[in-house]
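Shared between the two complexes below is chain A, which pairs with chain B and chain C, respectively.
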Partner chain A sequence: MAATKGESSALAQLAQAALALPILALPVKAGAAEVGEIGFTLLGYKERGLMKITEPVLWGRAQFLESWEVQASAAIDIISGASPRLVTNASGKPVQTLTGASVEDRRNTSDVKLTKHFGDFSLAGSMAYSDEQDYNSKAFGIEGRLDVNQRNTTLIAGFGSSKDHVGSTDDPTLDKPRDTKEYLVGVTQVLSPTALVSSTIAWARGEGYYNDPYKLTFTFFPTGGPLLVPDVRPDHRNTVAWLTRFRNHVPSLKGTLQADYRYYSDDWGIRAHTLEVIDERWSIRPALRYYTQGAADFYSPTVTRPPATVHSSDQRLSAFGGLSPSLRVILRVDDRLTVEGTLGYVQNAANFHLGGSGNEAFETLRAGYGLIGVTYAF
Partner chain B sequence: MKFLALLALAAFATACAPVAPYQRAFLARDDMALDGNPGYMRAIEKTYSAKEAASGGAAVGGGGCGCN
Partner chain C sequence: MLHRLTFFAMAAENEVQLHSDDEVFAQRAANAAIAEVKRIEAKYSRYLEDSVVSRINAQAGGAPVKADDETLALLAFADACHRQSDRLFDATSGVLRRAWNFREPRVPSQAELDAILPLVGWDKVEISNAHVRLARPGMQLDFGGFGKEYAVDRAARVMADLGVSSAMVNLAGDLAILGSQPGEAPWRVGIKHPRRDDKLLATLPVTSGAIATSGDYERFIEVDGVRHCHVLDPRTGRAARGLQSVTVQAIACIVAGSATTIAMLKGREAGLAWLDEMGVAYLVVTEDGTVIDRF
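Right, the complex of A and B next:
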């Protein structure tokens, strides 16, 4: 059902606001003359037997001087627990061995994005910073958007660059660079008064240090002594991620279907598919996310003799799949205040891999998370 | 693969009849937004990308992390 000029005043206000906005501008709520939002989100994530993460996020976005828009966020990741460190076949088959002592880490991260609108064209610049004990990242991006076809189509192009430094708490002398250049093109298309689709492709070209300095593989052989080898990955990584997002509102059901699909490929040999389907209705949002990936060319839970020049037993580079259901409840207290909560479960397992079993050595990951959030519009 | 992707993107722009501005009330709803709540998106994306090999696709210029 299409909205018309003759509908309720709230809907008319919303339509007028939409008139002035490009497709992907700030969300507009009926009856609120807002120019910005500020919000706080708290994430709690816990893996069974492994890591625990608490992450408070403070964010805000606003329009000012009619044609400017700013968005910024800051977050702290507080990480503790045990991390898989060694893969060994000492017991007969390869299994992960956890760190003896609890890992404690804290990551401070922030970003800001400034957008200037020039009629149907907008230009945005962004910066991001992330710092933790053994990893530092600085990134910037520039993105242009052009509305064409009576603002039914938005063309997107972007470029980004990040400079990272990898360290290790085990080896204070380790300080290795990793540089990445990213390119993005995409289009968002209004399909009907209730549906739109967006598709973006991002290419990344990375060079530098990709090894995980904490990962080791310890392999026993039928004859001869065992081998203990560090994680050694290629010194470059070229990736392609193609993300397509579809939104369809069904007025008679007061519900919106959100479907996101991403195809990912890189020159490490990994191919991955991610599908997430969300049905948001009456402020309750059940979602189901499915993920599957193939193994990197150099992944193996054991080493060969002599060891290969590149090798990793990190199970995040193996073949596996993941299922993650979640339920989000959104309570709009009034025109300005929104409170929401999400509960989700993550299970990654070898037998969730699409098209047959994944790597046998993959140890099933079970995790739960909860999110609470408050948003105030002004 | 890349050629097919670009072809598909171009097809979006030409395949649909224009929707007039006054017909866009539903398109402006919160739940029609592509990226949603920034705090939620930020927290949840990090949760997945720390445990999977794939990431990205929506934007450029984000910072990395040494994910445990």
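Right, the complex of A and C next:
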């Protein structure tokens, strides 16, 4: 917008006084509105002696027609290595056993989200698709956000539904459905000009096939013959996840500290807590995450006699804890191009479980991951 | 290739960015711009005993002090602001800081303000024959409302004189943009949200011009739920009310900056009407959090 008033206008008077100084008159010009960002990240994850995952992700975000926004991403997970399939006490105590077969799989995922802003209210619809050899998932969601209280408070409500199909490379006839519906409510509250807290609760109700068709438990008894049983889990899973995030900017430190706490509970008997602290003071951002979970009611590394109707020896359902430190480095090359990298380490172990050691049969998992990403704004 | 230098001056973190294929030239141009900012800080800081402003203040109620052309032109600019703002923009109102200490949450009493208000008044600044005199002992000149903005404009000018054609000078959020980035690309200027540190109010694409922001979040105290910010009304001695922040784009940072201060002082209704009448591009957040985008 240019000044069109006469010489007597306030702007003309101020400009005239300013240009008596030894300075330049810089023509007022705006560029085209920012339309979006496009980015590529490459994630690598490797468990010591087990799985390796490589995941290239392409994503983008764009605004159009002033009040619309679209976000989309596509990724391929390339999974290789070995996964423990059998838990057996053949050697005296139950241990995970690697079978000879190694896993080679690819998972293709993509999602798209469309948001329309109506002043202080916005409504978003999303769809996601994931496909691999023995599993596929289709999901959609809607989410509304409302800014109230002079934009100091944001209320969020959402609903999502996913339809999954579980198969098995060992059993081409296996094709079992699993349906999940998720409900979410949340609030973000500004506490002060430098601090804000947000809290979100999500409930999910799932029904269908939850068994891991590759997992087996092989148990020897002091008397009688051994038993080999497949993984049999309940045919429903209801979960509650409550995430609270606190961010505080400390001007004297020129930085932001973020702390997250997540509580998770399900009707399989798992209770889990995650605490993460991120220090965003510098362009090198250290973070530390702690996780602890209790075992599912039907977890056991050995089979009971007679076998229970539901049973799993999958150690991800056992009691354990984990620590994961990471370092993220962000480099702003110019005002359009940002490069970032993250290096992290994960150690999950029985003795990291909060309040007493976890399940003895849990075999310590050590994994490293790295991420590099490039973002270009256009 | 983009060169980016950050530096500390005027109690803040600042930056110069410029495009040049010649690294040595870029460094030289940025250094010249930074040196110019530091020259202006030294010349007009009220914290430095040796500065022009301190010498004029030391002689308040006494003998006239000789001023050079640059100082006289800045005072003439302050005078234009005073006239164009119905006397709200007043380069002598800084003395009110004797009553307002923004480090502790205490609102000065009427008696305290009444004791200081007689020392405020642009009409008590006598400028004649290249000399400046403050009429009453205890009066203070303060270039806080336009000194930093002038430094932005001077830094841009110094770089332009050296042949730089694509640069941004940013002194703590007040900035000048000298030419677009390569490929006619705009510089993307992030405007701070006055209440939320975690997000920007807007990202403005700008290829040329100056942008300044004034807000009630820079220095303030909160007492009984009321925010008192550092923008003080010379008539009452009390903090401006009605607007959380004002961002203006103009041909010079000194013009944009003074316009933001005047709008803050005028408050919501009068401030917005004045900005509309000015015909400048602006972005305002009112006291109730409403965002008015006229960019």
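Methods note: the second predicted complex is superposed on the first by the 345 of 378 C-alpha atoms of A that agree within 3 Å, B and C clash if a C-alpha of one lies under 4 Å from a C-alpha of the other, contacts with A are read in each partner's own complex, and residues count from 1 in each chain.
Just so it is clear, a contact is a pair of C-beta atoms (placed from the backbone, for glycine too) under 8 Å apart; a residue touches a chain by one contact, two chains touch by 3 or more.
None of the values given here were measured: they were computed from a predicted structure.
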Please indicate which partner A:Asn152 is in contact with in the superposed arrangement: first for chain B, second for chain C, both, or neither. both
Counting only touches as set out at the top, which of chain B and chain C does A:Arg336 meet: first, second, both, neither? second
For A:Thr217, select first, second, both or neither according to whether it touches chain B, chain C, the two together, or no partner. neither
The answer to whether chain B or chain C touches more of chain A is B
So, does A:Asn348 touch the first partner chain B, the second partner chain C, both, or neither? first
If you stack the two complexes on chain A, which partner ends up touching A:Gly322: first (chain B), second (chain C), both, or neither? first
After the superposition on A, what does A:Ser313 contact: first (chain B), second (chain C), both or neither? neither
According to the stated criteria, A:Thr239 is in contact with first (chain B), second (chain C), both, or neither; which is it? first
Kindly classify A:Ser300 by the partners it touches after superposition: chain B alone (first), chain C alone (second), both, or neither? neither
Regarding the shared-chain residue A:Gly160, is it in contact with chain B (first), chain C (second), both, or neither? first
Intersected contact list for chain A, partners chain B and chain C 2-5, 11, 14-15, 17-19, 21, 23-24, 27-29, 150-152, 190, 193-194, 196, 247, 249, 256
Hey, which residues of chain B end up touching chain A in the complex? 1-2, 5-6, 8-10, 12-13, 15-16, 18-35, 37-40, 42-44, 46-48, 51-66, 68
Could you pull out which chain A residues touch chain C in their complex? 1-5, 9-11, 13-34, 150-152, 190, 193-194, 196, 247, 249, 254, 256, 333-336, 377
Within their complex, state which residues of chain C touch chain A. 2, 4, 13, 17, 70, 73-74, 76-77, 79-81, 83-85, 150, 153-154, 156-157, 160, 176-178, 180-181, 184-188, 194-198, 203-210, 217, 249-252, 254-255, 258-259, 274, 277-281, 288-289, 294-295
